[in-house]
Amino acid sequence: MRPLITAVGLLLAWEALAWATGVPVYILPPPTRVAVVLVQRFDLLIEQAAWTAAEMMLGLVLGLVLGATLAVVFAASAGWRRWALPLVIISQAIPVIAIAPLLVLWLGYGMASKVAMAALVIFFPVVSALYDGLSRTDPGWLDLAQTMDAPPRAVLLQIKLPAALPAFASGARIAAAVAPIGAVIGEWVGASAGLGFLMTQSLARGQTPLAFAALVLLCLLGLALYHATDWVTRRLVPWQSLQGE
Amino acid sequence: MRPLITAVGLLLAWEALAWATGVPVYILPPPTRVAVVLVQRFDLLIEQAAWTAAEMMLGLVLGLVLGATLAVVFAASAGWRRWALPLVIISQAIPVIAIAPLLVLWLGYGMASKVAMAALVIFFPVVSALYDGLSRTDPGWLDLAQTMDAPPRAVLLQIKLPAALPAFASGARIAAAVAPIGAVIGEWVGASAGLGFLMTQSLARGQTPLAFAALVLLCLLGLALYHATDWVTRRLVPWQSLQGE
Amino acid sequence: AQEKVRLLLDWFVNPDHAALVVAKQRGIFIRHGLDVELIAPADPNAPPKLVAAGQADYAVSYQPTLQMLVAENLPLVRVGVLVAQPLNSLVVLEDGPVKTLADFKGRKIGYSIAGFDEALLGAMLESAGLTLKDVTLINVNFALTTALMSKQVDGVIGAFRNFELNDLALNKARGRIWLVEQNGVPTYDELILVAKRETVDVARTKKLLAAIAEATTWLKANPAEAWEIFSKSGKDLDTELNRLAWKDTLPLLADDPLALDRARYETFAAFLVKRGLIKQAPAIDTYLRDVK
Amino acid sequence: MTFVVVASPPLSVRGARIAFGDRVVANNLALEFPASRTTCLLGRSGVGKTSLLRWLAGLLPGAERTQPTAYMAQRDLLLPWLGLLDNVLLGFRLRGDAAGLEAAVPRARRLLTEVGLGDRLGDRPETLSAGMRQRAALARTLCEDRQVVLMDEPFAHLDAVTRLDLQDLAVRLLAGKTVILVTHDPLEALRMGHQVRVLSGSPFAVGPALEPPGAVPRDPTDPVLLGLQGLLIAELRSTP
Amino acid sequence: MTFVVVASPPLSVRGARIAFGDRVVANNLALEFPASRTTCLLGRSGVGKTSLLRWLAGLLPGAERTQPTAYMAQRDLLLPWLGLLDNVLLGFRLRGDAAGLEAAVPRARRLLTEVGLGDRLGDRPETLSAGMRQRAALARTLCEDRQVVLMDEPFAHLDAVTRLDLQDLAVRLLAGKTVILVTHDPLEALRMGHQVRVLSGSPFAVGPALEPPGAVPRDPTDPVLLGLQGLLIAELRSTP
């Protein structure tokens, strides 16, 4: 019920924005126009959305796994952290256009290069948030583990990691929210399908309403992924009830 | 000293990568080639870097302020959150190419549209992480505040907010790391200066070494901004000593 | 007083814009009473839309783009021409497996995002008895030459004849080229100037085009001096690729920017309809403005 | 008896039900705590003392607080980013009560000195020992100066001597207030309480009010108290 | 005397310096804790008892632990994501000691039953009262079965009856081990300790070892103990 109200609210806000600012249709089409296209071209749109959703999901899973692994490695070894952390930060500064040719060279034009690109965007919030969480464990627990002669590995996996799950959840939620743009950026590497591809192509042809119909689907995918991630991650930390919601 | 070792290590890794995979120069020029360009075109590069650095910094400041404000508003009001949170998530899914004309329409070709674009990329990790932090306050403190008849505003600003500073720091660090890409994406809106502009232009003209020289500067800017943010945010939470480092 | 004019280029400054840059640098625009600001976008699709939205007075665009945009009801009109012939072409590596168009059967062809390359390619392949189904199409975005040289694709459509061949040469590769207009595609104007239909100022446009014509004449007469002016006009223009492209581009620049060949537009509109890029050809006079 | 300017209200509970999921801690609870008196609560670990106090403080779902109350929880709950003095003054800061804050500063300093932390006013909580933190929390509670005060094991981390001193301090400063104090030390309850009541059973029942003779604070070596202590321990022992 | 299979080692401190920045808690400290005996430490709040225990556990910079030690801190430190039984078995899980873990499960269950939590084996710590959590932490410490055991106010949150029961339990299970127990209750120290020592001053000095007569656990109503209690309180009171 509530999501419906929100959706209607968003649409009204959009309509109002288009109306109040007098933006021309070919720059920001009103939702009514977009809705018509959404219905007319539904088959095409769904097909492309499925493609992008697959990239997003694969990218998110890969990003989460990669991010979590790196964060754990960084927490385990100062040596690794010293060498690889700058690399990780740098990886965020590199625009897709600079590495697209490299990715294509190594991974080809198939889905692999897109998923890699999406994962590159997605993994960073996870590394960063989880690593922060791992270095913020209650020192009392660490002392306890030390007196119990726990090997560093066990401390990391059995104390720091569960204690950092809320931080991981935080990072995963950010990751889920940027997953759509990750997938679309991936499609820049060179694509022949996907919502991002459809959007660029229709923008180039002046079919702005179709582009915005694709954008609406992309946003819906984003919202769905975000809320799914939110739902899952909240269940990860049952011992900590969040206020609000 | 240590950053120097890391830098040399990175360069060696890059040289090795270029060498081992036999990537052609027009895809991945070896560091030696890039270094030559870096020296030869230093004036040009520094000028563009200054431009991008300004966008980055403004975008980061704007993003931090906007992100922190939104997070506080969301924590204060479930009504606002219900309406605006989906908008915030959606804002992350929108590719620049779809809204670039809108931004130019509203903000013109100057720096404003670029900073707005950068801030759009940067603010989200801050909202998300800080909002998470704000909803994770020790319930004991909230109970205490309640028995003290604290108005919700005071609880938010004097209890939840300071308690969420580590989470804010986490978000700010992610934001700092994505600031360079935010600025570069901003330059897509229509730029005639900046490292991103220089990079696209030189890639389009086959001047790959120059593009990579610009990329090196961009990465340096990113690292500098990240470490500056890291340094500042660590000092924000003196009562919590992080392990490691 | 000078009239302020904002002119959006189609992309970064390159020798295609020689006349505009020279007219600005030599003060030719000023002499015609115009204070022209040249703005380079990163996305070639945005300029016509921004002109339609009133954010700039003129934009450099392409004939096929104009016709597709007008078919989508964008209020644009063509007011002049910069390059009155196609530049687009299909390119392969000379030592590659493709020697004739027919050899493309079963091969991979890269194209850029422009939106109509696919249609051009379809027509070209049909002229050799193939269809789009016989090849795999890959959108390679910016990286036409890179994709070709790294052998990720066997050919690329959307390559500009004055640029991509030189780019290949600079990277020690040789290309084989098929010109679109000789292989089943009607000829068209590659670079045109567009303005907003309702607000187009004919008097000002005349001044602008006169200045461009004057600059074109001058630079064709003084190519070396013009190169000096062009290469120093902005950051990072003095490059080997630009130098090579300069030579190939000058002869292609339209001597008469006011020239208008209506038939060319009728024919091409029919071609676009046939290829399914637009549903219906818009009435010619709605988007062609003869300022002569 | 002390002369009371502000009349402290009595506290009463009627038909309260305290439950966590299936675990019913108290059912249909009816209780009356006399006004301007200190009532000490004893009971086995886990019987529901903290839950009752939280109910009275209005912190449990369904509970409603009827008057301004100061509540000292089992944990010290000092804010790590504030110095001791600021922690003690937290209530005034939170209420944005500038006038009250100014008036409270000297009292806060005096209180911190009286609990033995006069030389640590600006120190952060994490640099203090557990007992010191508990004393700071006590100072914060007393500084609030409410007519109803709820305290949950306020002296648990204090040594015997400091404990006696602070019991005296609390009795002095809380005279005339309605105080409910949870403790595990029967002697402490007998020393400080006008009434002592024992909680027992599950869901818990509250035993009859035991009223030791004499004015508080009583002498802990008084044989009457020691006798009553034996009685209380026996009562505690009688329930599992 | 009990027959001891594994000889518990003595604990000694030589020339230790414990300081936090400028605040010197102990300087040039030399101490000997006898093997296989329980030593109870008393001292005013903030004197440095916890710091000394942490030093012995090797948790302070410069400190080194010489033998396997079980340490029960002032806070319960239960892991919120584990049930009680898993919390009690934490040491074995952390050490990856599968054989030990299997052998320890019945002992852990028995221990939890003995501290009165036999029906809450799977419950999460946040659903327990403070005293219940402290009892679980005690069970965890006893389950570790180390020859040296350090305990910091292990019974602070327990009611008088439970406290006596658990003192008995601890004495029984810790017989023959080298135990150092910090407490605030002089009677508890006298009841459980072979030796009782008082820390006082700043930097602290450790008073002479007081050795009450008789076997532990002693009868708390024994007048000799009550007399010694008065002595200890006087000693505590003599230092600020």
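To keep things simple, chains are lettered A, B, C, D and E as they appear, and every chain counts its residues starting from 1.
Basically, contacts are C-beta pairs under 8 Å (C-beta built on N, C-alpha and C of every residue); 3 or more make two chains touch, one makes a residue touch a chain.
Bear in mind the structure is a predicted one, so any value in this text is a computation, not a measurement.
Number of steps on the shortest path from subunit A to subunit C, with steps defined by chain touch: 1. Inter-chain contacts peak for the pair A-B, counting C-beta pairs in contact.
Annotation: the subunit A:subunit B pair of sequence copies touches via predominantly the same residues, more than half of the used numbers being shared. On a Cα centroid basis, the chain most remote from subunit E in this structure is C. Our note on geometry: subunit B versus subunit D, Cα centroid distance of 50 Å, whole angstroms. Taking each chain's centre as the mean of its C-alpha atoms, subunit B lies 36 Å from subunit C.
One finds 84 Å separating the Cα centroids of subunit C and subunit E. Residues of subunit E found to touch two or more other chains are 75. For subunit B, the set of residues that touch two or more other chains comprises 27, 97, 101, 105, 196, 200, 203, 240. Among the residues of subunit C, those touching two or more other chains are numbered 45, 49, 53, 142-143, 146, 150.
Under the contact rule defined at the top, the touching pairs of chains are A-B, A-C, A-E, B-C, B-D, D-E. Against subunit A, in their complex, subunit E makes its touches with residues 54, 57-59, 65, 68-71, 73, 75, 77, 79-81, 90-91, 93-96, 124, 126, 144.
Note for the complex: subunit D touches subunit E at residues 20, 23, 42-46, 50, 74, 116, 127-132, 135, 153, 156-163, 184-186, 232-233, 236-237. Those residues of subunit B that touch subunit A in the shared complex are 2-3, 6, 9-10, 21, 23, 27-28, 75, 78, 81-83, 86-87, 89-90, 92-95, 97-98, 101-102, 105-106, 124-125, 128-129, 132-133, 135-137, 139, 142, 166-167, 169-170, 173-174, 177-178, 180-181, 184-185, 196, 199-200, 203, 211-212, 215, 218-219, 221-223, 226, 240, 242-245. The part of subunit C that touches subunit B in the complex is made up of residues 11-12, 14, 39-43, 45-46, 49-50, 53, 55, 142-143, 145-146, 149-150, 167, 170-171, 235-236, 239, 241-242.
Of all residues in subunit B, those touching subunit D in their complex are 138, 140-141, 143-151, 154-155, 158-159, 162-163, 165, 237, 239-240.
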